[in-house]
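The next block holds one structure in the form of structure tokens; read it before the comments.
A, B and C are the chain letters, set down in written order, and residue numbers restart from 1 in every chain.
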Amino acid sequence: MAKDAFEKETIAQSLKNAGYSRRDFIQLCTTLVATAPMGLALTENATPAEVAKNVGKAKKPSVVWLHFQDCTGCSESLLRTSKPDVADLIINLISLDYHETLMVACGDQAEAALKSAVEENAGKFVLVVEGSIPRKDKGVYMMLGGKPAIDVLKETASKAAAIIAMGSCASWGGVPSADPNPTDATGVDQIITDKPIVNIPGCPPNPYTLLGVVLEYAVMGKLPACDSLKRPKFSFDRVIHDHCPRRAHFDAGRFADGYGTPSHRQGYCLFKLGCKGPVTHAGCSTRHFNEIPDCWPIGLGAPCFGCTEKGVGFTIPLFDRVDAHGFTATPPDTYAPISSTFGKVGAGAALLVGLASGALAGASWAASQKLASSEETIADEAKTSGGK
Amino acid sequence: MTRWERSVPVYGVPVLTRGFWALCALIAVGLVLTGYREVAGLTAGISGMTDPFAWGLWKTFNVMVLTGLGSGGFAVGIAAWVFNNKKLHSVMRVALLTSCLAYWTGLCMLGIDVGRPWNFYWVVLPWQWNLHSPLLEIAVCMSLYASVPLFLENLPPIFEYIIYEFPKWRSIAETCESVMAKVYPFIIGLAYILPMMHQSSLGALMVLGGKRVHTLWQTPCLPLIYVWAAAYLGYNCVTLCILLAKLAWKRDVDPVVMAELNKLTVWLVYSWTAFRFLDIIVRGKFLHAFTDGYFSILFWVETALTLGSAYVLSTEKGKKLSTMFNAHLLCAVGGMIYRFSPTTLAFSAKENAFYFPAAAELIVCLTFIAIAVLGYLVAVKKLAILPGSNEDWMKMAKYEESIKPGIQLTGYAPADH
Amino acid sequence: MAMTRREAFKTLAKGTLPVLAAGCVSTALPTAARAADDNELESNSKYRKVDEAHALGLLYDATKCVGCKSCMVKCSEYNELKPDTRVDGIHQAPPSLNYFTKNLIKLYRSDDGSDHSYFKQQCMHCIDPGCMNACMFGGLRKDEETGVVWWYGPKCVGCRYCQIACPFHIPAFQWDGFNPKIVKCELCRTPMQKDPSKKEPGCTKVCPTNAVIYGTRKDLLAEAKRRVAAAPGKYYQDKVYGEHDAGGTQVLYLSRVGYDKIGLPDVGEASIPSTLKYSHMAYKWMVLPLLLYGTMVALASKNFAHHSHHLVEEQKETGLRPQL
């Protein structure tokens, strides 16, 4: 009975009961607006106060959080905000009905909690998956309550309204899927195909991206627009290189040539040390971690690892350089040249010109041969007529 | 030995041949692309035009080159009617038909090429004209020529067709014919002065191009040389049409008329070349014909093709039909290259700029050529266009009367005067 | 020593007159020589003149430009142009003037990299513009008072002849879309009309070094000449580009580096339209065409009468309908 009453609460009521001030809530909403200035219906053209008003009216979304082959880093990044009460506030925005590492229960009690959470909110809850799922040998490499993880996922997912794959592992396999991938680990969207899925890759991902997706779903009732890899566009539409604080060094050709060298200490571009920023779509360069400025790899002097990009992180060796010009834009020159280049020869057009002139020449040759074969002239006849 | 006495349709040949359908297929593709061009604009996928090379194939080839090839109506016409060269009357209809098709497809191409064709209506309001613009001259004279004198000149074969095939409309067609006969000299006067004006203005267009047109081509006399080239291109085109008709439909050639066509072509090319060289020498630029690499080669290619062909035509060898065909063809190619040079081949817009058409642009260009060819193929089979003898006409009449009972193609007594 | 006013004038005259005379001779002689040298095509005749005291223009001094491109930004803002990010989808880096860009800062670098100069490209606002002469119905027009050359859409057919006729490669055609426009600098004519508080074009307003200034052609030319006179040898050939080039332009340039190198071609001193004067002569009062027409009609009538007669004779013989 108490549980029913709790569920019908709106977010605003819940926060009030938990003792949060309106100021705290608006601060959080401000961060959300900064995280997703565009791409979310929730924050599009809205002030933080408007966002807070809309979010406050919504019912707390029920969230079931499953762990598979993971390190719990994604949960950790959610909890390790710079102030403990911020994490608490985030947890209070949602109804986190099941989370293996955050709940007291264990053993049968935990199993029962999962079952009841799924049954009671069937078709309504958001399933957050953390970690990759092993598929080899019918998934025997990871057992949960006596069942293979893959079955647990399928069972739970069949009753979920939407699925959020949290972290690179859940998105496409992450670390466990790195070569040679002994357990045939893979992401959620390779197993569940009949549910809306949003991937939030990252190792770990930015917790505010999760918050944006969940609140968008709770308030607007829909998932945000995603790219071809199912990543929400508001956070993954640009490559790190586009807004990198070291970008000016890249454009000017100033590169760090080793760790701890003078060029590295001067904060030069890390591209030559293997930075994957030019090919990695993520908002890291503008949304740093733990609410601390410069708290992200490149900010700390480490090259981007490419964790949010399938086929880059965990695949391309750490210190290998990527082809920056093939993937991303670098201005050809800062200034236009006096005489820029115009015109191009298309293969199809060249072929057509060749074909047309070839056909014309061939036909003309054939025609002239045919005329020649008649051996006809106008000479004698013209003379005859002249003589007439 | 054949004497051309009148025009005779190509008979006993189906109109809907395999070639006809092939052309239709090309035209269908081209028209779809044209529709796309109207919606999407002259984007990179459609045309290879760029800001420095603002004029592409459609204007420079379909209009500026092919109307040169279609200048027979005016070049042969002047010789026949103004200079009273009676031998040429027999090929007038071929010349007029090729002109008509070249001009109308050229005008369509112009309409497709320009970006804002809906504003073209100003052309009917003379007080809105900018009289200094050579392009205005072309727009006015070319559309006027194509829609009035050239159109009227091409009507007589159609009147005849109506008279023979549709007895109901015969009296109207006959009235039209007699009215036409009364005003004919005024029409043909217009039909010669207008092309003279706009064919030269096509050259004047590029005078404004200034130093971007290579000095071997850029001259204040460009208009005159341009119209001169159009004249022999018209003769080339008529001759080639007749020789191809011989190949395709076994039409006999009249040696006297062919010799006359050759002779006029030869003298036009000789005088054109002489005038061109004179112009270059007087301007003091003759050294550029040897020092400017690509441009020098282009210049000599043009000269060799035209002058060489003309020379061959003037010799005994040139009287052989196959040689004649080759010579007229190469001469036409040379002349066409000349007409193409100031706008494209010898036009250096900018240091790093060049022009190469896009595939779609080429297909549309070929489409409108195909439309002209298609029109020609249908017209010569339905109308009395290609020259033949009275004997040919009798044979044709016999054939037609056998399949269309009641048609009267012979036995017309002259009307009383 | 005291000097009376009379003496002062005398001294002044003595000092000035030879200088003046020398100046006159030194100007007149090359001019005369040049006039003699020029063939007729390149004579200095102009079809059109402007009132120099009212004709507006720009003076761009490449030696003062620091390449900050703020004029480009302001130009886009004033003219409400979208940024041209087509190079890579991100950077606003137009490679040349185009339908997004009415004003462009270019950089000249010598081959060995030792020398460089900026160059601001926009419409030259010729006194006798080639584009306007080329335009069929007056889609490009010249403001009667200010001499600003501007595009008038309802009269533009989109034939792009202006692009052929402009020796400076200024008019840009909108290659995308079914309703294309010609885009070129109009000296911020429209923004200034819309907002009377704007007293000068965007580029001159923001230029931090006054490398480009706005004014009447008369004032700008005087200023340019003052700068040349103040530092002989500083500017290329001590020449103000646009004073006579292409018949004179309302936008003037000063540069240390050769004008041809920074993209201002040697176009001669004749205005572009004047190259067509022979063609225009042929059409004077339409006398020649009408005369030709009359002659041809007369000859054709005579020959046509003969021919018709011949046709009737033939019909009598053959019974076939005569063909025209």
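Going forward, a contact is a pair of C-beta atoms (placed from the backbone, for glycine too) under 8 Å apart; a residue touches a chain by one contact, two chains touch by 3 or more.
Everything numeric in this text was worked out from a predicted model, so none of it was measured.
**Student:** Of all chains present, which has the mean Cα position farthest from that of subunit C?
**Tutor:** The most distant chain relative to subunit C turns out to be A.
**Student:** Of the chain pairs A-B and B-C, which one is connected by the greater count of C-beta contacts?
**Tutor:** Higher contact count goes to B-C.
**Student:** Using CA atom averages as chain centres, what separation in Å is found between subunit A and subunit C?
**Tutor:** A distance of 52 Å separates the two centres.
**Student:** Where the centres are mean C-alpha positions, what is the separation of subunit A from subunit B, in Å?
**Tutor:** 61
**Student:** In whole angstrom, what separates the CA-based centres of subunit B and subunit C?
**Tutor:** 36
**Student:** Scan subunit A for residues touching two or more other chains and write them down.
**Tutor:** 339-342
**Student:** Tell me, which residues of subunit C touch at least two other chains?
**Tutor:** 96
**Student:** At which residue positions does subunit B touch at least two other chains?
**Tutor:** 50-52, 349-350
**Student:** Within the complex, which stretch of subunit A touches subunit B?
**Tutor:** For this pair, the touching residues of subunit A are 339-346, 348-353, 356, 364, 367-372, 374-379, 381-382, 384-385.
**Student:** Within the complex, which stretch of subunit B touches subunit A?
**Tutor:** Touch list, subunit B to subunit A: 1, 48, 50-53, 243-244, 246-247, 253, 255-256, 258-259, 316, 319-322, 324-326, 329, 349-359, 361-363, 366.
**Student:** If you look only at subunit B, which of its residues touch subunit C in the complex?
**Tutor:** Residue list for subunit B touching subunit C: 5-7, 38-44, 47, 49-52, 54-55, 78, 81-84, 86, 89, 93, 113-117, 119-120, 122-123, 128-137, 139, 156-157, 160, 163, 177, 180-181, 184-186, 188-190, 192-193, 196-197, 200-201, 204-212, 220-221, 223, 283, 349-350, 384, 390, 393, 409-414, 417.
**Student:** Which positions of subunit C touch subunit B when the two form their complex?
**Tutor:** It is residues 39, 41, 47, 96-98, 130, 132-139, 153-161, 163-165, 167, 169, 172-180, 265-268, 272-273, 275-276, 278-280, 282-283, 289, 292-294, 296-297, 299-301, 303-304, 306-308, 312, 314-316, 318-321, 323-324 of subunit C that touch subunit B.
**Student:** Which subunit A residues qualify as touching subunit C in the complex?
**Tutor:** 242, 328-342
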